[in-house]
Amino acid sequence: MRDKLKAIVEQSGTPAGFAFAMSVQALIVLSLVTFSIETLPNLSPATRRILWWVEAATVGLFTLEFLLRLWVADRPSQYAFSFFGMVDLAAILPFYLASGFDLRAIRSFRLLRLFRLIKLARYSKAVRRFHRALILAREELVLFFCVASILLYLSAVGIYFFENEAQPKAFASVFHSLWWAVCTLTTVGYGDVYPITVGGRIFTFAVLAVGLGVVAVPAGIVASALSAARDTDRKV
Amino acid sequence: MRDKLKAIVEQSGTPAGFAFAMSVQALIVLSLVTFSIETLPNLSPATRRILWWVEAATVGLFTLEFLLRLWVADRPSQYAFSFFGMVDLAAILPFYLASGFDLRAIRSFRLLRLFRLIKLARYSKAVRRFHRALILAREELVLFFCVASILLYLSAVGIYFFENEAQPKAFASVFHSLWWAVCTLTTVGYGDVYPITVGGRIFTFAVLAVGLGVVAVPAGIVASALSAARDTDRKV
Amino acid sequence: MRDKLKAIVEQSGTPAGFAFAMSVQALIVLSLVTFSIETLPNLSPATRRILWWVEAATVGLFTLEFLLRLWVADRPSQYAFSFFGMVDLAAILPFYLASGFDLRAIRSFRLLRLFRLIKLARYSKAVRRFHRALILAREELVLFFCVASILLYLSAVGIYFFENEAQPKAFASVFHSLWWAVCTLTTVGYGDVYPITVGGRIFTFAVLAVGLGVVAVPAGIVASALSAARDTDRKV
Amino acid sequence: MRDKLKAIVEQSGTPAGFAFAMSVQALIVLSLVTFSIETLPNLSPATRRILWWVEAATVGLFTLEFLLRLWVADRPSQYAFSFFGMVDLAAILPFYLASGFDLRAIRSFRLLRLFRLIKLARYSKAVRRFHRALILAREELVLFFCVASILLYLSAVGIYFFENEAQPKAFASVFHSLWWAVCTLTTVGYGDVYPITVGGRIFTFAVLAVGLGVVAVPAGIVASALSAARDTDRKV
């Protein structure tokens, strides 16, 4: 019987295993929705009570699943200290320890359990291909990350000298200016901080002319490395 | 005579068929323009009356076209329940049923009729190529969509814990924070919600450093899959 | 002597021809800077007078150049009615006709004269390569442009129904909503109009999930077509 | 002994050389952090004194390093006038000359010293590949840069004529409009300036339809040139 359960719990290839994996995933999504609803302000006490019961039931089922996995594992200790084992434990522990208020954040880590999905066969191939693409483009990505960091810092220092006098609050220090640099170079542009001096605006233009490339090129590198990895796949 | 009409209505390769298809397309665009104008506030009753007559005439012609298509179809029932048949019906029905106020939205579905354009030969090839590219890159796209969803949720939870206290209204719950996450990770950045705490800003930077790639890479994947599909086309 | 001048005016390969072409380009940039300065508010009459004299001198030199080109052309009428001939004429005519106020806009068309630069040999090759890339990807680009237009319109209709009641001014009609759709799908996000209802925000998310790809993929298509065109160049 | 020191200072391949290079890098980062903290407003005099001592110690170590490099160089004058030699000097000189207030900006140039990192073997290869990619795509990049500049200017002139009357302050001149053009075509969209007239909004749409490509394509060109350069690397 242990072998039968083991097959169901650890292999998602069989119909029973697939059904088990999917039920667990559904439970995770349910527990995340519950968690999100709990953050809503002005909930009635009745709703709070219902949410608590859903949470308790979810944790109960998660605990059962955790014990099941421990039981069917070839070496329970290895499972318990594996990445997924610790994530599984982190998903239930806060409830038992909880006085409840500060540990709520940890509950959102249950999301990590969704990554078990990746073990499903087909996407496992796509993940491995993606992994190979990252290795292929590793050096370029590190290089661009370094250049982007240096550019961010230089932009922040530059805009600080242009705007500090005109807007002593928004650009109070290099650290404040870094926030502007992040918003601008990623082209998010919330509009809470922006240059108003002529010098600052010309500097922004210069930074963007260089910076757009530095920020946008890595995505293109990953995409073309992915298509190279797919080509290799097909040839083998 | 039925065969002659059938050739005109169903094949856009002949001059007469092309003219017919183009007239229908023009009529659809006209009816969409009429619909858009009707949403303008403060229209004079005279304008409203003209718009109603244009609408009535359009629907009349659409009804004629629908009956014509029914008549020339080899199996009328098959046409009536096909995707395009139902879109064609949805384009005229609201007018006949209408007390007119809530069904207006359905009229915009006439837009879907524009997709008949795609049947025109040349673009049919481009559509098929695009379809092949999507199949080629399907697994990667699903993977990135999942990762993007998880990232969106994690970002929303994270920013909620950083900003909830400082801005209890803008970041009132995880659901409110999700709106921020959507605006930020797509780099739209309306500026209606943005972090103001130091922690929230550093978190935003970290999320963007990872998230920009997750959002931008899929477009690159589609583009390179399209160029791979074009290569295959030329070799065959 | 006419042959000598012809070589200088029409061929930028020789040192004298290159110098002539560059002087004209410099003159164009000067006249554009003058034009831009004239739009500044609160100019002193003295500055205005100087600007008028610079403008008069520029137009004088442009007129000389135009007459020179007419004279050396094999068939003057052909030059006069060519694209560049008409641009050259449009650059000087407003000054002679002018009562000056409404024709100012035409002066900015002098910018088009800068495109002569493209005739310089090396970039001519890059332009031809770009042209070939556009032909290669023409069908996909037209397809994406059509889909983007339809998506823009559908987004505008959708957000109109979600937001019209809550923000009757910002989303007053489908035309007003189109402005929102343009700002959002291009990820510019000025922040002058944005959804505030829950439905509108979920709709925005759905539109962006699809729309980001539709807007970003064409750039990737052009880039990969360009690299394909470069490959062909090297093989030949 | 001089030869031994020379190996440590100039070659980062040996363990001792690597340790030396890393210590210098750490010192640079420390001095940049100090510099950034100094820009914070409302620092207590005690903090200011600590920061001054950290700065003095850093400059002392930098001076030692500079003298060391001068001593071990085969030709000291060649090092002193090389790019990195002058950057190294610029990193320490302001402190000795300083009455301190206006020279602060130069301190941020110490960041340039971080580029020594690039000499580390592996990334040196990635930099050379990136260099080759830039050469490969040089002509296209120059072409797009020119077209982008012309488009920026034309957009600014266009929006000036549409919006100047309605918003005489935000669009006061072509130069003011250029700021709008930069913010819009890079899709940053701060929201401090945006069109409000119907004509201006339609013009914005037209500009974006063309401009998004002009701005986004170069990143794709660089990415595909990089993957072409990587292919060449592997074949050789």
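Which chain is which? They are A, B, C and D, in the order written, and residues in each are numbered from 1.
We adopt the following convention: a residue touches a chain if its C-beta (ideal position, glycine included) is under 8 Å from a C-beta of that chain, and two chains touch if they have at least 3 such contacts.
These figures come from a predicted structure and were not determined experimentally.
**Q** Over half shared numbers or under half: where do the identical copies chain A and chain B land at their interface, same or different?
**A** different
**Q** Tell me the rotation angle, 0 to 180 degrees, that brings the C-alpha atoms of chain A onto chain D, to the nearest 5.
**A** 90
**Q** For the pairs A-C and C-D, output the one whose chains share more C-beta pairs in contact.
**A** C-D
**Q** Round to the nearest whole Å and give the separation of the Cα centres of chain C and chain D.
**A** That pair's centroid distance is 29 Å.
**Q** Any idea how many Å lie between the Cα centroids of chain A and chain C?
**A** The computed centroid separation for chain A versus chain C comes out at 41 Å.
**Q** Touching at least two other chains at once: which residues of chain B meet that condition?
**A** 187-191, 216, 219-220, 223-224
**Q** Show which residues of chain A lie in contact with chain D when the two form their complex.
**A** Touching chain D from chain A are residues 136, 139-140, 142-143, 146, 150, 153-154, 157, 160-161, 164, 168, 172-175, 184, 187-191, 194, 201, 204-205, 208, 212-213, 216-217, 219-221, 223-225, 228.
**Q** What part of chain A is in contact with chain B in the complex they form?
**A** 32, 35-36, 39-41, 105, 108, 111, 114-115, 117, 122-123, 125-127, 129-130, 179, 182-183, 186-192, 215-216, 218-220, 222-224, 226-227, 230
**Q** Inside the complex, what are the residues of chain B that reach chain D?
**A** Touch list, chain B to chain D: 187, 189-191, 220, 223.
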